[in-house]
């Protein structure tokens, strides 16, 4: 239908097809899994996730090599009629991070969601692996699509993939958490969709680049930006929309919690960044964005304080996610509008380092928490005594994940918070600087409270289950990445800037 | 002539719809309400369809008749089921 | 003048019936009113010259959603008495807030740019290349087929989400659609006479969707309704969720869609682009497969998670 | 009054009603119904935008119309999952309520 030469002129770059594969191959795997049944599940998932990693690394190398974004015009129709995929530096970064964490979580869950040989298909196996594949597809879509409605479908796909993972264990508490999560998410997507309605009514296009080119600071656009933002905040669980998150993330199986906390909440956050930095760059007045930073600050403080008071380890880790998400909202006010500004680059790099460091640290920490629950048969913080003797690797994993959450060197968390802090001080934002430091102290308090319990003598003689070494090493491996990130030099990373400020 | 027929038949159908709706709202129990509704289904819709027939080509007319027949079928079945469930539960 | 009068009455009825479904005390009443609301809404869509949307709203928004909620309201009927009574002041505050929201959104009508924007002309301009006559089908299957492909994956995930809630010991059993405990002779009659008609109608809707309003989703919903009728009446047994044939029917549509998408890599060289002159036949093949999958998935979503194998 | 403005007002009113229902009805099924009403209001507003864009001999802009169809399907999927969750919760706890009355020991 479209001559090949025209395609070359339509904006598809060499290697752009990788972006399609990143989204579509997990969907192919999902279809195969449902069609063939859960018995083939793990092989299909392993193949799909390894391919996912290959695609992500190729995309990152191509973006880094050419220092320009990759693009693909799906179906050959340019916007405004069609949909374009585009991977800039941060898209490629997030694709790699998510591929690695998915592989880690899948290997961790390998035995838990196994399918016994010769047995009929098991529910757990079919549901868990299907949901995991759908999440992988949806996240890559969120990282690369440039069409606001296409992104809406991606957001919904991500939610519908997350819900079964939350609800899979059954039980009233878990089901209630899943239902509340779903109602919040649907409410959020309706607000987002209404924002899109206004944008289409005003500009007649849903393509991010086309909107950015003609955006006007009029009432309709501001209302649209407001609705989209609030809708995405509800999905990202920023304070005061955070109440659904802790029970949902704590109720899932360990590998599921790891993916939910490390990656799924970042999906809607990524979109929020796309909105303010790429769609409405001229509307973003750093001074007006103080409201988002203020909510972020409240999330840091309230999330950390609530984490301190949790009786159960998984809930503590989940509340820590609420707090860590808060840091990422400083980026909206800390990045000045002028491109190429050194402060802008520091804050931008800091925010993305925080996203990545938190992803690895939190994945490691949730897996560690899952192992704790397995060793002891419970995860009551008060009765964690004796763990360090029995499962030292698990305690070590928890400790080094905690290092990154607190922001102590050397860790990715330290680099991230240091750069955010530097940007805040350079701009004279004393309040945000104080919150960044206070959040680190509070994180220290809850991490050390848990570690102290783990090191303590056993409170009562308990029957301890044994756990395999492989899974301990997987958790430790993911957590170590967050520490290794701290070895990178402390200055803005050019890769994160590729494709920004068009 | 055809127009006059249409006006008369559709009006008569509309009156039946009105009466049936009133019955639905005012009658005391489920069985008598069903009684009111079935009249609307059969005769009311039938008159409206009949009245519109002269205004239509043969394909559209056939479609209208099919609509009426399908409503007859489902209406009859649903009324039966509702009535049975009322009697089964011993409700007035 | 007459038309404006009709629109005014319709708009007022939408608000009245919609509001009624919100304040109705009894949940079953609220749900049934919501179904009526859906039918009014499909009339509104006709008035907005969106017949395709009207059909979808009647089939999915009112029909399938309504059926799901009737089942839910039936099962949780006992909960309604235990609703916490909130204070009067709270209600007033909520009403004031909701009114402000409504007024705020209403006023946005006046701040949208005066010159309406539209993609109608560009859509029509390139539609002949595909051989389709219905511009909405053109958007769904040519320009933005990527959205439509992902929407099918969303449906698969909805099924996974519903199936996730089965108990382990019930897995592999049959979905729990049990509205009638005993075979019902009158319902049997309907379940034997209606499906052939519905089947023909569903095929017609799917087939016609390329050129006039209709399409796979509307046809699939009609087919799903027939299947549910047959299952509820007990004319045919509900298949086990692990049945390979059922699984094949579930994935057939997405599979064909993906295959045609990949074919695009080969023939014109672009994912989800159609080879020259083959657009329409490929889209028809895709729609037929999708109709089957949509019908099966909708039926299974309404039937709910599998239940114990023996409880009939 | 034009149909465009009329149905925009109706859509705004429906969103207001849905917001009220979301706030005052604690039962999850009522919330689900209100969310569906909210969705239908948003879709209706999109339909009004489509109607404004009537051009080239079409009664409405087909792009928003197609997007609404996709949106209705996605909203239905959400409703299906929510109903299944609600019924599972009802079967497990004897009542479908979003409030935790008792903390787990």
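Labels A, B, C and D are assigned to the chains in the order they are written; within every chain, residues are numbered from 1.
Keep in mind that, in the parts below, a contact is a pair of C-beta atoms (placed from the backbone, for glycine too) under 8 Å apart; a residue touches a chain by one contact, two chains touch by 3 or more.
As the structure is a prediction and not an experimental result, all values here were calculated from the model.
Which is the least count of steps on a path of touching chains running from subunit A to subunit D?
1
Report the chain whose mean Cα position is at the greatest distance from that of subunit A.
B
Please tell me the distance, in whole Å, between the geometric centres of subunit B and subunit D computed from their C-alpha atoms.
Taking the average C-alpha coordinate of subunit B and of subunit D, the gap between them is 31 Å.
What whole-number Å value describes the gap between the mean CA coordinates of subunit A and subunit B?
57
I'd like to verify one number: the distance from the centre of subunit C to the centre of subunit D, where each centre is the average of its C-alpha atoms, in whole angstrom.
Roughly 13 Å separates the two chain centres.
For subunit B, which residues are shared contacts with two or more other chains?
none
Which residues does subunit A have that touch at least 2 chains other than itself?
80-81, 149, 153, 156, 160, 163, 167, 170, 175, 194, 200-201, 204
Mind pulling the subunit D residues that touch 2 or more other chains?
In subunit D, residues 15, 32, 45, 49, 52-53, 63, 67, 70, 74-75, 77-78, 81, 85-86, 88, 96-97 touch at least two other chains, as defined above.
Let me make sure I understand the interfaces: which chain pairs count as touching?
A-C, A-D, B-C, C-D
Mind listing the subunit B positions that touch subunit C in their complex?
Listed in rising order, the residues of subunit B that touch subunit C are 70, 73-74, 77, 80-81, 84.
Okay, in this complex, where on subunit A does subunit C touch?
Going through subunit A, the ones touching subunit C are 1-2, 4, 7, 12, 17, 20, 24, 27-28, 30-31, 34-37, 72-77, 80-83, 120-124, 126-127, 130-131, 134, 137, 141, 149-150, 153-154, 156-157, 160-161, 163-164, 167-168, 170, 175, 194, 198, 200-205, 218-220, 223.
Flag every residue of subunit D that touches subunit A in the complex, lowest number first.
Interface residues on subunit D, with respect to subunit A: 15, 22, 28, 31-32, 35, 38-39, 42, 45-46, 49, 52-53, 63-64, 67, 70-71, 74-75, 77-78, 81-82, 85-86, 88-89, 92-93, 96-98, 100, 104.
Quick one: in the complex, what on subunit C touches subunit B?
It is residues 184, 186-187, 189-190, 193-194, 197 of subunit C that touch subunit B.
Over in the complex, which subunit C residues touch subunit A? Could you list them?
Those residues of subunit C that touch subunit A are 104-105, 108, 111-113, 117-119, 122-123, 126, 129-130, 142-147, 149-151, 153-154, 156-158, 160-161, 163-168, 171-172, 242, 244, 247-248, 250-251, 254-255, 258, 261, 264-265, 268-276, 279.
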